[in-house]
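Input: a single structure, listed below in structure tokens.
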Amino acid sequence: MKLSLLDKIRQNNPVVLTVANTVTIAEVANAVNAIGASPIMSQAKEEAEELVGIAGAVTLNMGTWTAAQVEQMLVVGQFANQQQRPVIVDPVAVGLPTRHQQFERLIGAVHPTVIRANAGEMAALSGDLSNSKGIDATGTIKNAAAIAKDVAQHFHCIAVMTGETDFVSDGQRVVSVHVGTPLFATHVGSGDMLSSVLGAFMAVETDTFEAAITATATFGAIGAWVVEREQLSLKQPGTFGVALMDGLSQATVAQLAPYLKNKVVEES
Amino acid sequence: MKLSLLDKIRQNNPVVLTVANTVTIAEVANAVNAIGASPIMSQAKEEAEELVGIAGAVTLNMGTWTAAQVEQMLVVGQFANQQQRPVIVDPVAVGLPTRHQQFERLIGAVHPTVIRANAGEMAALSGDLSNSKGIDATGTIKNAAAIAKDVAQHFHCIAVMTGETDFVSDGQRVVSVHVGTPLFATHVGSGDMLSSVLGAFMAVETDTFEAAITATATFGAIGAWVVEREQLSLKQPGTFGVALMDGLSQATVAQLAPYLKNKVVEES
Amino acid sequence: MKLSLLDKIRQNNPVVLTVANTVTIAEVANAVNAIGASPIMSQAKEEAEELVGIAGAVTLNMGTWTAAQVEQMLVVGQFANQQQRPVIVDPVAVGLPTRHQQFERLIGAVHPTVIRANAGEMAALSGDLSNSKGIDATGTIKNAAAIAKDVAQHFHCIAVMTGETDFVSDGQRVVSVHVGTPLFATHVGSGDMLSSVLGAFMAVETDTFEAAITATATFGAIGAWVVEREQLSLKQPGTFGVALMDGLSQATVAQLAPYLKNKVVEES
């Protein structure tokens, strides 16, 4: 983990291009802006090449996919691969058959640097569909670390699996991140924010595994920090949304470090 | 009215599928999540059958319709009818001729369980266009109860007509709901939230009239409760939006019951 | 400047039609509603003529353009020109070549009453691309007043150039507006809000230059007022978004006047 990347984002102000989920497009743009990067959202494949050209990283979120949007993602993702920009894919609800097909279509043409998904979605990707309702992960996923590793190996990428504990794997190593807040699950868009915030970290660090671990840990710590500071209960999704946005803007390395002590652990 | 449905939503966590208004898609997803159900939003007709399959109810919101979206609504709505899922239609601004045509197109192929609209929209549906500006209802609608009943009879559905007083009719009975807050009108998306929250209630109760009355009364009471608790003025639309989201998550049957005493009345 | 226009908006409640940026569509609708006008957002060119018919002004925001949306803007804009409704164009990130092409396509068929853009975008429009990163304006733009005037002259419209100081020009005169808050830049959608709030002012005042100056000054003063009242720091983008919405609803001419004293100045 390399917490100083947070400062580097604020110094370099990298552009993060997101092909977004319509549900969360505003939250994601604000989150990227708040943490210190520069968001651009696009719906037109005609501008893919030039936007990838100015972007430090690209996030493709399948949450409200259409056939036309997957076409756009193919174009954006291929330019990103060519121009060696990190590509984060967020395969929302990929446990559903049609969404899985679209994911396969995307992944057949675009190499992802990171796949960011919740436990149910990761289980679906790993072929272990038994744990997935298709939408979200409820209950416990057994062998979460193994599932993350499987996905990373299979897709030759980094897997970021979020949940009560997050797991980040490059296919060989698995790092667990034990920081966050259950309020993330109460606020629609938390996961999508992380998928684009990952782009901000990947844009300022060439060690992609380090960047993914740091992004995941930083985002989780900011959530934990604002909940503690504002003394939020689990039933304040509206207030949490506002506080999280402020926190993304305010958090410093010094404030977050105590939340991360012994919380980011390489699994044996 | 059956206030215990609120607890049932939180126990059963039903999936509510919304074909959404782009303006309010985030608010609606968060509202469905906050009250204890599980939102899914979709823009692709290719996944209609499988999403309807996992959904307890379906809401079709015409607020930012396009020809392609109406196509999607036709497919989603027909699968919902076949699979006996409740269908809530929100005919935003249906007083406008082109929107009325699109509504007719939808309603020609899909049977609605509920039509949720404001007074101006209901008046337009009932053929009494004189009271409708097409966008919102200003001024007083005479014979509001009669208009709601007319719409319910004509479309063989439940009509939920929202305003200072709400009217819910199944074509024979009319129940008035005298609870809410004028702040609903200051916050874009309040009506759209109710249209999808109705889905959460319909998903856990087979008596559709009871479910519609309870959803309307519960949503209104939550609005009244948060305004009183936070002592909000009429000129705090931003703060109200945040407080409403918290309130949807927090409100219990015990807290809401006092707000509903003698407020839900069967019209003679 | 004619601050009384704020009262006129609240009395007349004009309809402002926005063809919106998907990122900011909810914020913009809420802002138009909060200031006292009536928002309608549309994605269907089929309803363009009737929506323009009931609108007092039309805003076209290119932030998440697609080929289909530009088609819709052409239809909406041409009806607005025919029906003599003010047209505000917001050419988001027009420094990017493909976006510039789309802007040219729009402007070739639709006469804008106002172009609202930040300094980098205005510089791109004026042909001085050296100052533009394409997305936002960082650093200082030299000769800002001259650039605004250039754009106004070239496109035969009013140019509203926003930044630390705003400049409003009709091609002959240039008025500078020295009020606002750096928090606008921290909250995605502030500029888009102004582009549609401009519509509310244009809808109630035939002197378009006066209306544009007043809208720009009023919006800036509301930002400054809420930041002072709530004692907000620069790192509270979430809280600012909520406070700004409340402020748009609450602000009165009497409250704003002190913020504008000697702040709206005709440049020599």
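Chains: A, B and C, in written order; residue numbering restarts at 1 for each.
One rule holds for everything that comes next: contacts are C-beta pairs under 8 Å (C-beta built on N, C-alpha and C of every residue); 3 or more make two chains touch, one makes a residue touch a chain.
Since the structure is predicted, the reported quantities are computational estimates derived from the model, not experimental observations.
By the residue-number overlap criterion, the interface of chain A with chain C counts as different, with under half of its numbers used by both chains. Superposing the C-alpha atoms of chain B onto those of chain C requires a rotation of 120 degrees, given to the nearest 5.
Annotation: 33 Å between the Cα-based centres of chain A and chain C.
The set of chain C residues touching two or more other chains comprises 22, 26, 241-242. Put simply, chain C touches chain A in their complex at residues 22-24, 26-27, 63-67, 93, 96-99, 133-136, 138, 186-189, 235-239, 241-242. Chain C makes touch with chain B in their complex at residues 13, 15, 20, 22, 25-26, 29-30, 33-34, 38-44, 46-47, 50-51, 54, 241-246, 249-250.
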